[in-house]
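Each structure below is given as structure tokens.
Shared between the two complexes below is chain A, which pairs with chain B and chain C, respectively.
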Partner chain A sequence: MEILVLIKQVPDDSVDIKLDPATGAPKLDGVTPVTNAFDTYALEMAARYKEANGGTVTVATIGDDAAVSSIKECLAVGADKGFLIKDDSFADSDPTAKAYILSKAVAKLEEINGAKFDIVFCGREATDVANGAVAVKLAADLCVGVMTDVIAVDPADGGVDVQQQTDTGYNVIGLATPCVVAVQKPDYDPRYPTIKNKMKARKAQVPVITAADLGTEADKVGAAGSLTKVLGLHEPPKREAGIKIVPTKEEPIAAVVTRAVGMMAEAKVL
Partner chain B sequence: MNFHFSEEEQDILDALRDYCEKEVGPKAAEIDEEEKFPEEARKQLGEMGYMGIYFPEEYGGAGLTYLTYIAACETIAEYCATTSVVLSAHESLCAWPIYKYGTEEQKQKYLVPLASGEKLGAFGLTEPGAGTDAAMQKTTATDDGDHWTLNGSKIFITNAHYADIFVIFAMTEKEKGNHGISAFIVEKGTPGFSVSGHEKKMGIRGSSTSELIFDDCKIPKENLLGEYNKGFKVAMTTLDGGRIGIAAQAVGIAQRAIIDTVKYDKQRIQFGKPIWKFQNTQFQLADMQTKVDAARLLLYRAAQAKQDGEPHSHLAAMAKLFAAETASDVTRRCLQLIGGFGYTRDYPFERYMRDAKITEIYEGTSEVQRMVISGWLGNTIEA
Partner chain C sequence: MSGYNKVTPEIIDQLKAVIAPNRVLTGEDINDDFTHDEMSIYGKSTPEVVIDATTTEEVAAAMKIAYDNNIPVTPRGAGTGLVGACVPLAGGMVINTTKMNHILGYDLDNFVVHVECGVLLNDLAEDCVSRGLMYPPDPGEKFATLGGNVSTNAGGMRACKYGATREFVRAMKVVLPTGEIVNFGSTVSKSSSGYSLLNLMIGAEGTLGIITEITLKVIPAPREVISLVIPFESLEDCVSTVPKFKINKLDPQALEFMEKAIVQKSERYIGKSVYPQVLDGVEANAYLLVTFDGNNMEQLENIIEEASEIALDNGAIDVLVADTPAKIKDAWAARSSFLEAIKAETNWKDGLELLDESDVVVPLNKIAEYVEFVYKVGKELGLTVESFGHAGDGNLHIYSIGNDKVSVEEFKASAKKFFDTIYPKATELGGLVSGEHAIGSGKLDYLAESVGETQMEIMRGIKKVFDPKMILNPGKVCYKL
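Then we have the complex of A and B:
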């Protein structure tokens, strides 16, 4: 079973990030780049699938040289091979352009590996921009099936059975392979790296794949290939202070509760 | 001396810190409150390779340096003193003497599962009448031809209920005092060997501290560790290393107390400003951090000397003495800076103070460290 896991390096989302008023861009000085949390779940799910059913796990990302650290982290926790997809022309790509680049990358990596991928694992969304669109668009470009919010993948005749999380439980859906799955947080956490795997990953070479290697068309990548563009970023409005309702002699507790319920009904929170 | 870690070592220590931040720290209060052995962390640390971090790969270890091991003990202690002593007793007191004094067969049979984290180790020297004074121990090992028979008991044994492999000391020729002690490897489940009770302690409450009882316990002849009647040397050299591990624990506890105190004091408003803004707070913490850094330097010096195969008994003793007394002093003063909340069990400061105290006592009290240091002074300086 050949598995590809697509990851993205993002700013550490446990840190409160502010916008720079001068540029309107997020202030990322001193914010550690990390592997997108949903991608770490995708990798763990892929690694478990491989350990149970055999195969290899390849990990790839579109990014700059800094993203190599994320690939090496992945190599320490279950990935067998890692590739960096890097080119100046890829800057400012939206999900449509990224899916196009990745579809080309899938073909290139299959050529390098000498085998077709059976499953492409992605995180359900990146914690920085949270579009949640790349996996679905990639599947469309590859003309294969896709399932989102996946919390489990098991082998089945001719493909895989996936569990898709819903508000009330989960659906079990059969998918023919090859396919793309966008992973939601499963009921387990990603493993921690062993010392030996970490040291091995540190020494691993991460080959770089460029636009020339992929044969991407200039008008389909970067801003030119994007259907959307970011007009501006805004911080969420500060929450206003709540209303304090205190019983008094004039308005005893029963009356206060009635008034509070009325206010909540009016605000349509009840 | 240069104590900089290589990029690789730093990477490993960062990964350990990340693990401790997520898995060890959040459970420390519960481990203390419920006197719960950190079984999950022990298992995970083993799987990740930290239970044999400095042993060669051919013996199941990760092949890193001793200094990295000591920094790992310090890191874990920053998050949970109990978890750090579980690892430290296992590696310094059980795995190390087998690595140093064991035969190749003993290493393959016992060190490999210890260093790979598959099995847990413990060390048994102390008895009701013999702690520091090892020659006063009553446990005996008699040569019965094709096996040794052990009789007696050991107390205050760390990891006791959870350990699989024990390094045990016993008198083989009582009349010879320290020259009549031998070391042995005893496996859990050996007939005649049992673990009894559970000490209710002031600090490191999650660690298993119990009595070992040997009642006509027969162990194979090949389980003699090191040479016959040379057990005192095995015990003392093992404790030299153990003391470095405990110094690391003390530094970790003290550092965490300072970090948490600064964080708290920056938020706690009194007289219209955070108490961090008062010079008394700042100067006290400046003094404390200076002491902790001094303790860390003594610690790393001792670890480096051990790593380089240099004499280090006195260096280990100095590191443990200063780090332990610093930890007790720092945690007490941090609690004072926190005030009333620090005295409650809703906050970790009283736990830090309780955990710090043991570092002045086990693996040689501060008084014993002074004996070792003054002994070294007396031996190296002529009249």
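Then we have the complex of A and C:
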């Protein structure tokens, strides 16, 4: 089974990031770049699939040189090979343009690996922009089946059975391979690298694939190839301070409870 | 009881004349929280009046009234202590400092921050991080006040590299038992200027004066951090690895040892499993959790490689690397929840938790011998014993749990036998009664036994100079009621 895991490097999502009022861009000084959390779940699911059923896991990302650290992290926790897809022309690509680049990358990596991919794993969304669109658009470009919010993948005749999380439980859906799955948080956490794997990954060389290698067309990547454009970023409105309701001699407990219930009814939370 | 006076309606009127009446609480308005700390086994006691102070001047005014009327006063932060230090044993007045919770400002030319005593450790730590700074002391209880941290010389995980709270206190404003306001220390980094009254206040548990403002040293936050989770088959191999890091000149920021039972208990409590129970077919019975920090990732990776080799040579089953913020957070989440996890599975009887603890500190090379001794004694007495600790500085947290005891009295009796045996052993091995939780009322007898009457008399003499009427936090540290 040949598996491709697509990842993205994002700013650490446990940090509260503010916008720079002068530029309107997020202030990222001192924020650690990390592998998108959903992509780490995708990789763990892929690694478990490989360990149970055999195969090879390849990891790839579109990014700059800094993203090599994320590829190396993946190599320490189950990935066998890693590639950086990097080109100045890819800047400002929206999900449509990214899916196009990745569809070209899939073909290129299959050529390098000498085998077709059976499953492409992605995170359900990236924690920075949270579009959640690339996996579906990539599947469309590749003309293969896709399932989102996947929490388990198991082998089945002619393909795989995937569990898709729902509000009330999960659906089990059969998918023919090749296919794309967009992974939701399963009920386990990504593994920790052992020191041996960490050190091996540290020394690994990560090949770079460029637009020239992929043969991407200039008007289908970057801003030119994008169907959407970000006009501006806005911080969510600050939450207003809560109201403290305290019983007093003048307004005993029963009265304040009645008042609190009235306020909640008025705010339509009851 | 020591001839203290009761708080009369006249005294309440005097207090309400200088402090807003809604912040002078009496009778049923006093919350039960003010009667105990986090270790209820040392007893509960209700104050006659609680002052919610908002300024140093209010603390001073309340203290002066108490001094003039011979009323015992117990200062209190967040009440997260573990030795009964903030429990008003003699009744009287509690001065609650949690409303004095403002970070007053940073002086980055001198790398200090000026805070009110009621600022929570967590709030300062987060504020520092947002400025690229670090306040290194990080006791397990992040919702303690800084005034409380200074008053107990709290330690925490990073004391291994950076030292305990004392190393970071530059200056403080203090209200003396007479109601006078004094300033001890300065922002300067060294001093040879007479007796250090500043240092005397640190770890004095509010028995010499009430700390109301503090100037603390901060440092630039290290750029890179990596933690290692190191499972061992045997506790002995685990603990004996500890000094080897230091001998090899590795300088871990934090170095904790923990046993299988407490790790599993904590993972049940937080609902997350990080620590492997079986690796390569070998059962893990003990773990080291080590953090290294630095400003250069390549250098740091060389350090963790060397540290891992040392651990593997010393019998570690494997070494797992937490190299992302999420993994580091998860690896430490279990460690940070040990006390809560123990409490969650401890029974209560008659309103008291059947739990007692000690935080002795022993020389690094005696940790393994001491821990083995403690478990042997616990077994002989039929007590459940849980232990973990700051292996990097020899500070061990040992809990005795009386879930199978039928009454509080039975638990107290066996816990007393347990501690009566393990404290002298710590002293015999060259250790001390408390590494960071302090003495309060719970450890007073053990301190006296450990340091002897001459030292206790010197301590009482010092207290008398600060507190001639012995009204400030009586019954604690050296002055028994």
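Here is the rule we go by: the second predicted complex is superposed on the first by the 263 of 270 C-alpha atoms of A that agree within 3 Å, B and C clash if a C-alpha of one lies under 4 Å from a C-alpha of the other, contacts with A are read in each partner's own complex, and residues count from 1 in each chain.
Heads up, the rule we're going with is that contacts are C-beta pairs under 8 Å (C-beta built on N, C-alpha and C of every residue); 3 or more make two chains touch, one makes a residue touch a chain.
For clarity, every value in this text was computed on a predicted model and none was experimentally measured.
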| item | value |
| --- | --- |
| Combined model on chain A where chain B meets chain C, clash or fit | clash |
| Contacts of A:195 with chain B and chain C, given as first, second, both or neither | both |
| Superposed model, chain A: greater residue contact from chain B or chain C | C |
| Contacts of A:87 with chain B and chain C, given as first, second, both or neither | neither |
| Partner chain in contact with A:44 - chain B first, chain C second, else both or neither | neither |
| Common interface residues of chain A - those touching chain B in one complex and chain C in the other | 192-196, 198-199, 202 |
| In the complex, chain A residues that touch chain B | 192-196, 198-199, 202 |
| Complex interface listing, chain A residues touching chain C | 12, 14-15, 30, 32, 34-35, 37, 40, 73, 76, 189-190, 192-196, 198-199, 202 |
| Residues of chain B that touch chain A when the two form their complex | 7-8, 11-12, 15, 18-19, 23, 44, 47-50, 53, 57, 62, 64 |
| Residue ranges of chain C in contact with chain A within the complex | 132, 228-229, 272-274, 301, 304-305, 308, 312, 318-327, 329-331 |
